[in-house]
Each structure stands twice: as C-alpha cells, then as structure tokens.
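Provided herewith is a single structure, encoded as structure tokens, for subsequent inquiry.
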Amino acid sequence: MAEAHPVGFQWVMEAKRRGAKVFHVDPRFTRTSAVADAYLPIRAGTDIALLGGVVRYILDNELDFREYVLAYTNAATIVSERFSDTEDGDGFFSGFDPETGTYVQDSWQYEGNEDSSGSGHTAKERDSASGLEHESHGARVDGDTPRDETLQHPRCVYQILKRHFSRYTPEMVERVCGIPQDKFLELAQAWTANSGRDRTGMLIYSVGWTQHSVGVQYIRTGAIIQLLLGNMGRPGGGVMALRGHASIQGSTDIPTLFNLLPGYLPMPHHADHPTFDEWVDSIRHPGQKGFWGNAESFAASLLKAYWGDAATPENDYCYGYLPRLTGDHGTYQQVLNMIDGKIKGYFLLGQNPAVGSAHGRAQRLGMANLDWLVVRDLFMIESATFWQNGPEVATGEIVPEECRTEVFFLPAASHVEKEGTFTQTQRLLQWREKAVEPPGDARSELWFFYHLGRRLREKLAASSLPRDRALLDLTWDYPTHGPREEPSAESVLREINGYDVTTGRPLSSFAEARADGSTAIGCWIYTGVYADGVNQAARRKSRHEQDWVAAEWGWAWPANRRILYNRASADPDGNPWSERKRYVWWDAEKAEWTGYDVPDFEKTKPPSYRPPAGASGPEGIAGDDPFVMQGDGKGWLYAPSGVLDGPLPTHYEPVESPVRNPLYRQQANPTRKSYAHPVNSVNPSPPEEHSQVFPYVFTVSRLTEHHTAGGMSRTVRPLAELQPEMFVEVSPELAAEAGLAHLGWAHLISGRAVIEAKVLVTDRLTPLRVDGRVIHQVWVPYHFGFEGLVTGDSANDLFGITLDPNVLIQESKIGTCDVRSGRRPTGKALLDLVADYQRRAGITPGGHAPAVTTDQDVEGRDGS
Amino acid sequence: MVPDPNSLYGPLDPAPDAGYEDAPPRMGFFTDTSVCIGCKACEVACKEWNGVPGSGLDLLGMSYDNTGALTANSWRHVAFIEQPRPTGHGAAAFAGTPTGATVSAASAALAAGTAGPTGTDPGLPPGSPSAAARMVNGTPTDGEPASGGPGSRVDVLGDPVAAREPSAHPTVTRDSPTRTNGGAGPQFLGMPGGQPPGRGTGVEQRSDFRWLMMSDVCKHCTHAACLDVCPTGSLFRTEFGTVVVQEDICNGCGYCISACPYGVIDQRKDDGRAWKCTLCYDRLGAGMTPACAQACPTESIQYGPLEELRERAAARVQTLQERGVPEARLYGHDPNDGVGGDGAFFLLLDEPEVYGLPPDPVVTTRDLPAMWKRAGLAALAMTAATVAAFVVGGSS
Amino acid sequence: MSAHRPEVGDRFRRFRDRLAAPDPRRATPSGHDAATSGAPADATTGLTPRNGSGNGSGRQAGTVEPDSRRPRRRGGRRGGGEELRVPEATFTSYYGRPILKAPVWKWDIAAYLFTGGLAAGSSLLAAGGQLTGQPVLRRAGRVTALAAVSASAVFLIRDLGRPERFHHMLRVAKPTSPMSVGTWILTVFGPAAGVAAVAEAAGWLPRRGPLGLVGRALPPVGHAAGLVAAATAPALATYTGVLLADTAVPSWHEAYPELPVIFAGSALASGAAVGLLAAPPAQAGPARRMAVAGAALELFGAHRVETRLGLLSEPYRSGRPGRLLRAARLLTVAGAAGALLGRRSRAAGALAGAALLGASVATRFGIFYGGVASARDPRYTVVPQRERVNAARTGADPAAD
Amino acid sequence: MFVGSLAWEGVSGMGLRTFIEGWPVYRQLTGTDPLGRGAAAKSARSAGLTARTEAAESVARSVCPYCAVGCGQRVYVADGQVTQIEGDPDSPISRGRLCPKGAASKSLVTSPLRQTTVRYRRPYSTQWEDLDLDTALDMIADRMLAAREQTWEDADEQGRPLNRTLGFASLGGATLDNEENYLIKKLFTAMGALQIENQARI
C-alpha cells in the first residue's frame, strides 16, 4: 500500500502511531513491509490458504463475534443436503459439469431453495461475467430459510465452514504458503484480538488479489473473516479495495464494460433476456426481498435517460434497442478476435494495452491486424506506435510496410483541462474544476464522443434502417459552450443523477425512481449527486470545518453514504456495539436511525420490525437485517449462488505453478476461463510434465514512482529519473543458483516471451520452503515499455491469458518462468529461444492445461 | 552592532545575529525517518515547485535510490539502506525461510561503483565499495559495555541491546561472524557464494532484515559555513533563520561547496551557480509550508518553528524507545553540537554515516579566529624574513 | 579554540603508531582490517577487540577491496594505486559515497595559489630592493608582481562558474570569508602592484612633453605604490592558507596552523627565486637569504602537515599529492642549497631560482590536490568524527592515554 | 566597480547616494548585520520574492489523475498556464499530501512530450503524418459506420434480437470522468457496440 497508494497509507501510519499493529503479507519485502510491525513473505497465489488458515483459527478457537455472526450472517442457515464440499470431492464441490468446466449450483442452495438457484447452470454466466450479478443482486432466497441458532446442525453454514476449512491448519499454511507457523499464528492472533465489540480490523486489498484465476474467491475469503469477526458495516472495519486508477470505480459504476449497464444493471443476454420483463425479472427476482426489488424503476429510468421521449411504457422504453450478449465479449476475447481478423476497429481511451494488458505480444499482434485504430492519449504511447517501434518489429513479426492498421492518434485533454467527476476508491465522487484550456488539438473525451455522436447522427439522419433508430432516437442534446463547443459536463452529471421527466427537477434519491416513465436516471446509484440542482460532488467543505466522517466533502454513492451496510455498526436492538465504535444507531425517542453517517437502512424501520409473511422487496427486510441488498438480509459466509467457482473459497494453485496443490488433488481452479488460441499458451504445471522447464515464479506489481503502463510516468521527467530502468529483483539464493550479478543483466523466459532486465540482487526477496521444496520467486515492475523518457521490456509480455471465471480478469500476478543471466537475444534468435522453451516444455499452440486433475498422478502427495 | 560572542560557534539564534530585528521564530524541518516510506514525493514536490532540472536517468542499484546524493539538481534525496539487521521490534522478516547468506553488503559494494551523471559538479562520484559493504552492518560504535550509561542503547555491533526472545527458527546467533556479512566476502562480484539455499547449516541463514529510508536535505545550520565563506553575500540568512542562495548574486566561486560539512551544496554544470534547498523561502514568506513537507504523505517531513519541532522530536524518540525501538536517536537537534544545531534535523535509526551523514560535523569557521591568527603570524614571519634578508646581510 | 577539543590528528597518529609497532609492514592483508576495525574501540575503551561483525567485516573488507584493486575500481579519480601507508580504517558510509562535496576548484586555483604567492613574494623583494637601493631586484620584483597578480586575476575569474559576475565579490566585505578578505586584499594589492610596475616604465618615456611629466611623476608614485603593495603582500601570501583551511575539506581544515606558514614560505621562496633569476650573484644576496628563509618555512610546514595530522596526513603522502610534495621538498632543498652554494655562479643562482619556483608550484598543487583527495574519500570525513563521537560517548579522552 | 557590482540589483541610474545605500558593504557598516550574513546581504530580488501561487490568477480545485485514492489538488494558473499543482490541505482524504506521481502533476500536464496535434498513420506507412482534427473525426465516424454495417447482427439463429455489432471495440475509461464514461457507454450502446471494456477488467 505504501508502494502504490502512499497517500492512502498515511492513515495506516496514523493508526500505527496510535498503537495499531500492521502486518504485511507480500512475496517481496516492500516499502510497506519496511514500516510494518511484521512482514510475512508468501508464495504468490496462495492467499486463500493463508486466509483459510485464519478462518480455521477463528472457528477452532471460537473467536468469532458470535452475537454479530448469529444475527447478521447466514451462519445459522441450513444448506441443502444435496451439497457436498471440496473436502469430499478432492477439490470439487457438488454440481461440477466436466463438459463445460462449470458448476450447476442447485445443490449449493439453502435447504428448501434447491430449485430456485439464482443461476443454475453457470457456463453462460461465466462467459458473460454475470455470475456476480447474482451476488450483488442477491440470489433468490425465500423469506424463511431454515436456521439453527445453536449452530450445531451439521448442515448449517457455520458447521460447513468449519469442515471446509478444517485442513487449513497452521502446518498446511506453512506447507502451501511458505509462511512459518509462528508467524502465521502471530497474524491470526493479532487479527482476532483486535476485532469484536470494542475494536475493528480492516482488510485492504488491491489487484494483488484480483488478478488471479481465483481472484474473486480471495476477496470472498477476506470477507468471510471480516464477517466472522464482526468487522463489516462498522467504522474501522470492512474489506477495502484500493483501486488503481483515478476513476476506475466510476468506470465500473457507469461501466465502460461489456457486461454491464450503469448502476450494475446487466447488459441483456440474447437468450435469457429477450424481453424487458424477463430482463427486469432476472434482476429483481419477483418475490425476493431486498432493495433490488425496485430494479424495474432503475431499468426503466435508465432507458428513459437514453432514449427520452422515444422510450415509452408501451415500447418497453426502447428495450429492443439494446444490443445483446451472446457470450464472452471481454477484452481478451476481443484481442484474440482481432488476431483472427474478426474485429475491424479499436478505440483506446487513455489505456495502453501493449504494455498494460497480459500477453503484450498478443495485444500488439491483434492491433496490427485491425483496419483502424483510434488512440486517444496525452502521450505517444506504445499502443500507438507498435507498428513502428514494437518488439515484434524487431523480430520481424510485424513489418510496417505490411501492417494494414490505420492509426489515428488524437491528443487528449488532461485532468486540469476539463471538468467532471472522478469516483475514487471509496465510492466518493469529486468534481474537478477546469483550470486551463487543452493545448492544440487536445480535447476531452466528452468533446470527442459528443461531437462524434453528433456527426454519426448527422450521417445517418436520412436512414430508415431500424438498426439506426437507436442512434437517432438517442437523447444527445447536451449544451455546449466556448468556441470549441465543449459539452457541459454538469448537464451530463445531471442526467446521470436523474430528473423528473415532466418538471425536469433533479431527483434527490433513487427512491424517487419510477417504472412508469416519469423519471429518467442515467445511473441510479448516483442519484442524489445533483440533488436540489446542486453539484454535490463539487462540495469542498474543509476537513477542519466538519467532523471526521466529512460528509460534506464530495458525494459518495449511494446517498452520500460513507460506510455501506452501516446498520451493522449497531447491535440487533439498534444500540451501538460499543461506545468506542459508535457509528449509526436507532434513536428510540425520535423513532429513527441516526448517527454520524447516512444510515444504510430505511430511516424509520425499527429494529423490532419483522416482515409479514410473503413480503418482498425492501419490505421483506427485517429490522435487524443489515445487509439490505441481499435476499435474506444477511452477510454471506457461504454464497449459495453468485460465485461461479464455489460457495466457499478453496485453495487452488495458480494456473502456472511449480508445485502440486498440497490441499486437493484438483490442481487449479477447474472453472477458470481458458482460451485455446494459437497465440495463447500456459506453461506446464504439476501434475503435467515438464514444469521444471519454468522453475521460477515471477510476480509483478507497481513501483511508487511509476503509474501502470508508464504512459503518465515514464513520460514525466521527475518521475522517470527516480526509476529509470527496467529491473528484476532476485534473492541472493536465486542469484547464486542462476548466476546473476547485481546490476548485471538477466532475461526471463516464459512460454510466450522473453524479456530482459537489470538485476537487483536483494535480501528483500527470499526463497520459500513449500511442501518440502525450495521455491524461488522473482519480482518485476510492469511499468516499462518502448516509448517515453525511460524504456525497457514489458513484464506483462511474459503472461499468457487465463481468466477468473467470475469477472474475466486475467491471472497476471503470477506466472512461471526461467531466469538466465545476460541479455536476451534479439531478432529471430529471440523467437527461436521462446520456441525452444516451448518445445522443451511440450507447449503446443492453443493447448492448455487440463481443467480437471483429480485423475492425474498423485505421487508424493497426501491429503487425498 | 557587535556580533554575538557565539557568532562563530555555540548556541545562537541565527536570524537576529544576521541583523533581523523582530525576526519571526526560526523555522525548520524535523525529518522522522521511522515513518518514512521512501515514496520520494519530497524529491518530486521540491523539483516541481523550485523548477529544479533533471538529475540523470541512471539505475544506480543503491536499493531504490536512483538519485544518489543531494546535488544542485536534487535538493531532497531519499536514501535507502538494506540491512540484514533486526528491526528492534517485530519479528525477523525472513525467520524460518530457507535463506542462505545475506547479499546486502555485496550488492551495496557493487552499487558504490555506479556513476550518476547529475548535470552537476561534483555531483555523485563513485564510492568506496568496502565502505558501502559495511553500511549494512550499521556503524560499529564505541563498544561501551552494555551495562549502563546513556550510550548503552546499542551493543558493540551497533545492534539494539534489547535482544528479542530467541526465535523458534534457526536464526543466527548474535556473535556469529557470518551473520551479517556471511557470504559477502566471496560474493563480492554479486555472485552470492555459500551453500545451495535451504541446505545451509543454519548459521549462514539470514533472517533479520530492515530497510531504512531517509529523506535528506540541506541542514540549514545555525553556523552555516557555506554562508560565512560566501564572498558575494549570495548565500544569506533569511529572517526565518534559514540559509538561501540568491541566484541573482551567485557567481559560482564554489567556496560554499568545499565549506559545507554535509556535502549538500553543489554546482550546476550548465549554469555555473551553486544550488541547494531554500527551505522554500518564497513559500515561507507567504505563510505556506515548504513543498516537500506539504507533500510528505506520512508526516516524515515535518515543518514548523524549530523549538516546537525539537520538543516534538524528543517526545517521538521517547515513544519509539518505549515501543521497543532503542536505536532511535536524534541527529542535528542539539544547539551545542559542532554547527550550533541544524535547522533541519532528523530522527535516525542507525548511526549517521550509514545514511551518508557526517557523524560529528563541526563548522569550519569555529577555528577561523585561530586561522586568522596563524595567518597573521605567518605574515609577520614573512615580513620579518624579508626585512632580515635585506638588512641582516647588508648588501653583499 | 577551546582547550578540551580533542586533537583528532594527534590521537589518530598515536593510535596508528601503536598499531604499527608490532607489525609495521602489515604482513597479512586480511589481518590489517580486522585490527583496525577493532582498534578504535581498543583505543577508546580498552575492551577486547570486537568479535562478530567487526572481524567479519574486516575480512570482508579485505577481500572486497584489496589495495591492488583500488585503482581500477575507482578509476583514476584518486590518482593511482600507490600503496597506502596507513592501514585502511574501518568506517561506514552511504554506499561508500563521499560525504563531502569535493572542491569544484580546478587546477587554476592551485595555480593562483602559486601566482598569488609569487606576486606577494616578488613585491616584497621589490620593496626591499626599492628601500635598499637595488634597482635590479626592485624592477624584477615589480614586474613579476604585476605579471603574477594579473595572472592571478585571470585564474580566479576563469574558475568562476559565472565569470561575468566576478564583480559580485565586491558586494560585501566579510571577515568570515577568506575569499572576501582576499578579494579586498587583491583590490588593494593589484592596483598598487600595477602602478609600481608601470612606474618602472618611466625610464623609457621621452624626457619632454606631457609624457616627460608623467615620466618624472612616476618614480615617486611607484615608490608609494610599491610600499602599499609590499604592505599588503604578506596578507596576500598567507590568507590563501586560511582560504583552504576554512573549509570542510578534512586535510585542509586540520592543517590550518601550517597552511599559512607553508604558503608564506613558498611565497618568500618564489619571490626570492625571481631575484635569483634576475640579479647577478653579486646583487642577489637578499634574495638568497629570502630563499633560505622561505624554504625553511615551507619545508617545516610541509613536514608538519605530512606527519602531524595522522590519518589526514595520508592524502598528502599518497598518490599525486604525495609525489608533488615529495618533488617540492627535493626542489626546495635543492633550490635553497643552490642559493647558498651558488654565490659565485649566475647559472647556479638561476638554477636555484628555477628550482624554488618549481618547488613553489609543486607545493601549491600538492597541498591543493591533497585536500581534494581527502574530501573525495568518505574515510577522511567519517573516521576522525566517529572517533570524536566515541570518545565523547565513553567520556574517555583517548588522547590522554 | 562598485557601480558595476550593484548594477544587477536594478538600482543603476538612481544616483550615487542610492547606490551607496544599496551597497551591502554600506549596509554592513551602518546596519544591524556587520558580518554581512543576512539583512545586509539580501538582494533586491530576494526582498521582492513571493510564492508564485500568490500571483496566480485562478485556482482550480481538482483531483489527482493517477491512482484511486482521490487526493485533492489545487491547480494554480497564471497567464493561461498551469504554474503549480499541489495538494489541497482541505481534503479529508489526503490532507494536502501527494505521492511522487501526484506531486509531478504539473510536469505531467505541461510535459514537452505531450502530443498536441492529431497524428495519422496510413495503412502500410512507415511514418506519421499530420491530420486535421475535424477530418480525423469525420474519417473515424465513417469507419465506425462502415465497420458497423459490415458486421451488423440483427438476430440470432432463433430469431431472437441481437441488435449489435462486434466490428469494433473500445478499451479505456478508468482514467476518464464519469460523465465521459457515461457518454461513451451511451453512444456505443446506441450503436449496438458491445465490446466496450476498461481497466476494471484488467
């Protein structure tokens, strides 16, 4: 965190100053480790084993916050008797379909709900990254699920959890992660000792957890711990994602993502959502409890915002205009399709996939096979010059004279040259004022897309084709100002916020959303950001002039709420769990919820409220159910649906791993998304043969001095000079083994690429003893590319493409490689070297590792 | 006005001494390295505000330090020191992992030889590999018996005396000759020697590790030699007690560079003038915080009235020592030290020279009266010799 | 200076002497470092030599940086790989980088040290000649003084980073800045020496006309100017000692008692050399005596800095500075001997003069580069200071043992 | 010579008396700073020095463009140029602090390496050429429409609507404003373009 989010880290230091103990778990000793109280080196890709060990520690020692767990989580809920665990399935839950490599989730459901699985067969959901919609939208859960408040029922979640994690012993943690047992125990003790009524603990993660083939389950494990310890919905608690880009949260909320529409409404699927009603019902699950019950209002209001007067209740608000998913249209599928010539054009908007995405060579080859490419950026980035300066030009794979791609480079406006909102990592929207005009041809994306849209509409104005109606009926009349006709960002924000269609009054809450076409809302979770016609995101009341929650600085979605599910900061009766951790509570006198934050609960619903039988929507949520978006109002220790690779997290080895999974015969996540494409490959891992060809583990991450693919830092002199060269960090032990010298050169070889880097031999890296073997890990920054003030080979070139099944995020935090001394070859010799490794490793183009490994050789392994 | 008797040495309030009546309180920096995360925001913020030019694009291999030193083109410099030593609190970082010998010394020794063209003179010349190698051990200190006295915070190895409980893991005994430098001898070429990892006897294993970081800056000495030797008055004392080069005056004579006991001030090659931290004199005048201190995410760099900072620093040292960091000590805080105390002082976790700071700097002008006296005597001798030469022998 | 201030150099010298006694030639390369690394503690506390990392680092240092490697590793920066006479003291620094910034002054400042001294010495010679009625010495002295002081100005301005701003030197008058003091000395000396030298041209002027008037006025003006120059000359010759000493450069600063003496001697000798070169043996008596006096001062001072400062004498004895100072010593002795013995021979006198001039140049450059070398190596910064700190910590005064 | 030495202080032509009084040596002799350390040595430039933020014509309240912590920034502008970007002390998130990247924001936006004109690379070309922004916009619109036409899918085999094109794709948005992302998604969705992705997938 000190490396990648130093300013956020000030709060950790603040806590430390006040006596907090900071633990840092990382494959390498970083700036964070330097100031942490304890550093735990870990084998990359084994966090679930570590966290699972903590879960087991909590359960075995009954250190959970029992009152919280009983009342606010589904610990007591009874699960179907058809469910069987990985304990019994050697790494598989019940319901696995080897054909598709996905699960049928019926057997995971709560008892009595077996047939109302939110997802059923999940193959489709994996392709469209829509599994999680059911988690965030809440699975279909009946009002009354059988519970055992004593937590003794063998099929209650608590007992299932206990059984599931029973093999995650300290010994096993040491075996899998390479973390010594006493260090693990120190961590577990500190974490549990600092959680409860009077204390809370926070868990912070970043892409070190997401960029894995089991990434979602990493976070699930963290969430389970936090729920068990009563750290959710409370001040100083929570699971916090530290996101890496100024408005990456915003671009998820108002998604430039293929599978979502604004406000986490799903992009319709051609088979599942042929009609508006089917689409809406798939979100709200009629009869289900919780706030997604209002989904129709949000959906109708979005379409109303898009198509204005053309959208009427009669034509289902132009639902027919929406394009439909048929499967995986994610960025990696796109790239492979580009290579196959299926995609003609590509826009890059402040993004540099030639350096920043996994398998850089595939990215560049894909771009070299387009008809046209539009790059909008501040600087001439690698993704704009791949045809000229890319490594494939050096190897002869891309010949400029033979490369068809027509490239438009359009200069973009910087953050001070346009106004608008960023949504930062805690869901806080902050408006930026415009300081100066952009230079020359530089323009904001707002300008570009507004005028592009205008021009497209002009060109199609005479069209009578039905397919052009969606574009021609689109509301696209934003006021512009200035000689350059810059569209008004505030007017767009106003539309995002939503308004009453008849009066034009901005809405102040998504509770005002209507399904009758009387409201238009661009993104329902942002409703309120323009409440009262005031740009709430522009509020800048000094921190010195308000309390510590600082509710008048910017605006957080939803409803300017700073901590989600904060009803949980009070006990079931509505009183604070402790004076020290008071946050939101029930004021019996005024008969309303009150506190420092906006209560995440219906303001006047008393703690004693119990829903009438058959109630649905918000009405179905009891007065002591804080997790109001969930179908049962509970925090899910066990997820009966929504997570495609299991209701509980399970340690699987990374797709590329030098070791056999010590826990189960199943090696890697069986449901991971693989692409059998000739450009793609996976280095062999046990139990496959030849894994020793790539004996070392490499992991990548950021340096404080650089930003992602380097487009905003390798081009900036005061930053470039602070980390001027690509390097690889190796332990002294590996340096001895591979013959590497400090400040000498080394090259790293995977089945996809070879890159070179200067060597830093440092004590900050250590080998680990894993399952009796010594495992070496190396670390490389992924910031470098071939343009800018400082250049170097790109670490992401080493990766292949394998994705998490839930969210289609690639595993790019760990891979295997070989490390050799000296510089890499150039030209054709480079390709020969990679080919030689592929041959030795038995890698065939397009081949990938077997998904199921339980039938493979299990010698030298126990636990089966 | 008669100069203060402590004008050249000893405790002094420098602003009134430099002719400022009704001077504001003396302002300074307290840099607490125990909370430094080495992010280098200070370096960048300084460059942005002061328009400091680039200082070279070279990988130095000095851990994460690619700046190398304070120069005319780097007015803040974050030092990084990797040491296979205990942190004084917390668990040994690599206890229980199959480590071999440490390489910190060897890597440091190799890094010592890197050149850093900084566009300045003398900039960043290569260093002594053996001295670099020793850096990772911390400085051998006075070797006072651990039994008592204020100096007993560290043992003969410079290690904290408050030894941790022996770990369950095969950590190394304190007096093992190979613990902190184990493979450093044969591994000088960066080829760590020793046994294959994991098969060591245990004695060669490294387990302790700490990574020190410190943001260095001009010390703004109470007795600033650079200022006193400046023949143009370009270097001057501001009303805030800070020491600033006036870029419109400096003619690049270079005297200040030789005079600075900390090696701070430096000459820009393309420009010929001497440059260093101004403690953002322009910002101070506007009541603003210097750029580096304002940017510092973790309050490692604190800015304020020096008196207040000294109190804060003393309290911080006490807190740290209570929390099991006995190696915490202040540097440059003492008005009785050789430079009359620094306007920018530090909380360090090792001996100053480990961070590239002189252990006991003394302002050269302390001896100036004696120097002038000797020069006067020599001049008299010269005159006498001449007179004698002409008179004694007569005309031959 | 305060009496209780520990004499770094002395202490180190005694420590070194004691150390050197049992094994003056450092038989084993691996032993010396260990011995030195332990030694400061021995010297200060009398504890047994440190074990553990002390020994270890000693071995390591021995392996890491054998003396034979030094030239290659450090490039030519430290002036060759001459074997050190003092065992390397164990010290720590940040990646071995120099703590101090070495002087940025180039060779021209060393040259100025010579020309400034020459100007001072020769103007004294001129004044002596003037007052004792020896026109040859006077004329040679005055002309040389002007030439030397002009060269000095050129050297000084050349060395500035911003030569066009040389006049900024006259903004202030700071007694704390030897360079400021020197500026003002030169401001007085330079014009005076110039006028005195110009006055020598009186003889070449026509007897009549306006120039004749000038010609008649010049000698008395030159007389006065010559005396002014001579009066400031000793200051000019010796302030440069303070100029170097008033720095953080370890071997310059610690040599502050000697530097003015050396420079005074060197100035006298070089001034005398002018007389020896210019005057026939019969008229060179004062110059010879000046030469001997100057040489004596120079030799005495140089010997002191090469021996008194302990570790900090080392830069004056090794590498290029060592060679320069050894050459200076030889030339000085030769020059003084020549001056004394060559009373009858013009050639011998001239040779002696040339030797003395050469000696003066060598001395200045030797002292100059010795200091520069001491600033470039962090050892000379750290070791004495570390000793001082350790002494203060233990409360013991190692100098008193 | 004294006159010369004072010329830089901008007092030439103001009379001898002013010269003398402005001469630091005179100030040393007559003032409170006999050693010429401070008050006497201060130059006219130093005396007139102010923070350039004081001279800013406007200050924009902004947010750091790098990571997602959302540190407050103040952007100072003079003569239409950004003269300084630094942390906003009012921000409860960052309390005025910035990391090295945030602190380099001024260098980012004023970098000489920034591209400020449209660049165009023809198919099979080995170099860039210039292109008018308006023309570029028009060419891009044409290519989008053409790609859309070539790849339009009305319905699947079973006649269920698809209403889409997979002929072009887009990547980016995590560094853009919400308003921009909103327009991008809205426009592309209306065009039937599905393959819109950003860093959140990566």
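First chain written, first letter: the chains are A, B, C and D, and each begins at residue 1.
Just so we're on the same page, contacts are C-beta pairs under 8 Å (C-beta built on N, C-alpha and C of every residue); 3 or more make two chains touch, one makes a residue touch a chain.
The structure presented is a predicted model; accordingly, all values stated were derived computationally and were not measured.
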item	value
Pair joined by the larger number of C-beta contacts - B-D, B-C	B-C
Centre distance in Å when chain A and chain C are each reduced to the mean of their C-alpha atoms	70
Distance from the mean Cα position of chain D to that of chain B, given in whole angstrom	35
Chain centre separation in whole Å, for chain C relative to chain B (CA means)	29
Distance between chain centroids, defined by C-alpha means - chain C, chain D (Å)	54
Chain A, residues touching no fewer than two other chains	6-7, 10, 704-705, 717-719, 722, 789
Contacts with 2+ other chains: residues of chain B	39-41, 43-44, 47-48, 111, 228, 233-234, 249, 297
Chain C: positions in contact with at least two other chains	165, 168-169, 171-172, 174-176
Overall pattern in which the protein chains touch one another (line/ring/star/complete/other)	other
Footprint of chain A on chain B - complex, ascending	34-41, 43-44, 47-48, 54-59, 61, 63-64, 66-67, 82, 84, 89-91, 93-104, 106-107, 110-111, 114, 167-169, 183, 187, 189-194, 196-198, 206, 209-213, 297-299
Contacting residues of chain D [partner chain B, same complex]	8-9, 24, 31-43, 45-46, 49-54, 84-87, 89, 96-107
Residues on chain C engaged by chain D in the complex (per definition of touch)	165, 167-176
Chain B-touching residues of chain A, taken from the complex the two chains share	2, 6-7, 9-10, 13, 16-17, 29, 31-39, 41, 178, 180, 182-183, 186, 703-705, 717-725, 727, 731-737, 739-744, 758-764, 766-769, 774, 776, 789-790
Contact set on chain C toward chain B in their complex	1, 37, 40-41, 44-45, 47, 50-57, 59-61, 63-65, 73-75, 77, 88, 90-105, 120, 124-125, 127-128, 131-132, 134, 159-163, 165-166, 168-169, 171-172, 174-180, 182-183, 233-235, 237-239, 241-242, 245-249, 252-253, 256-257, 259-261, 263-265, 267-268, 272, 282-283, 285-287, 289-290, 293-294, 297, 375-379, 381-382, 385-386, 388-394
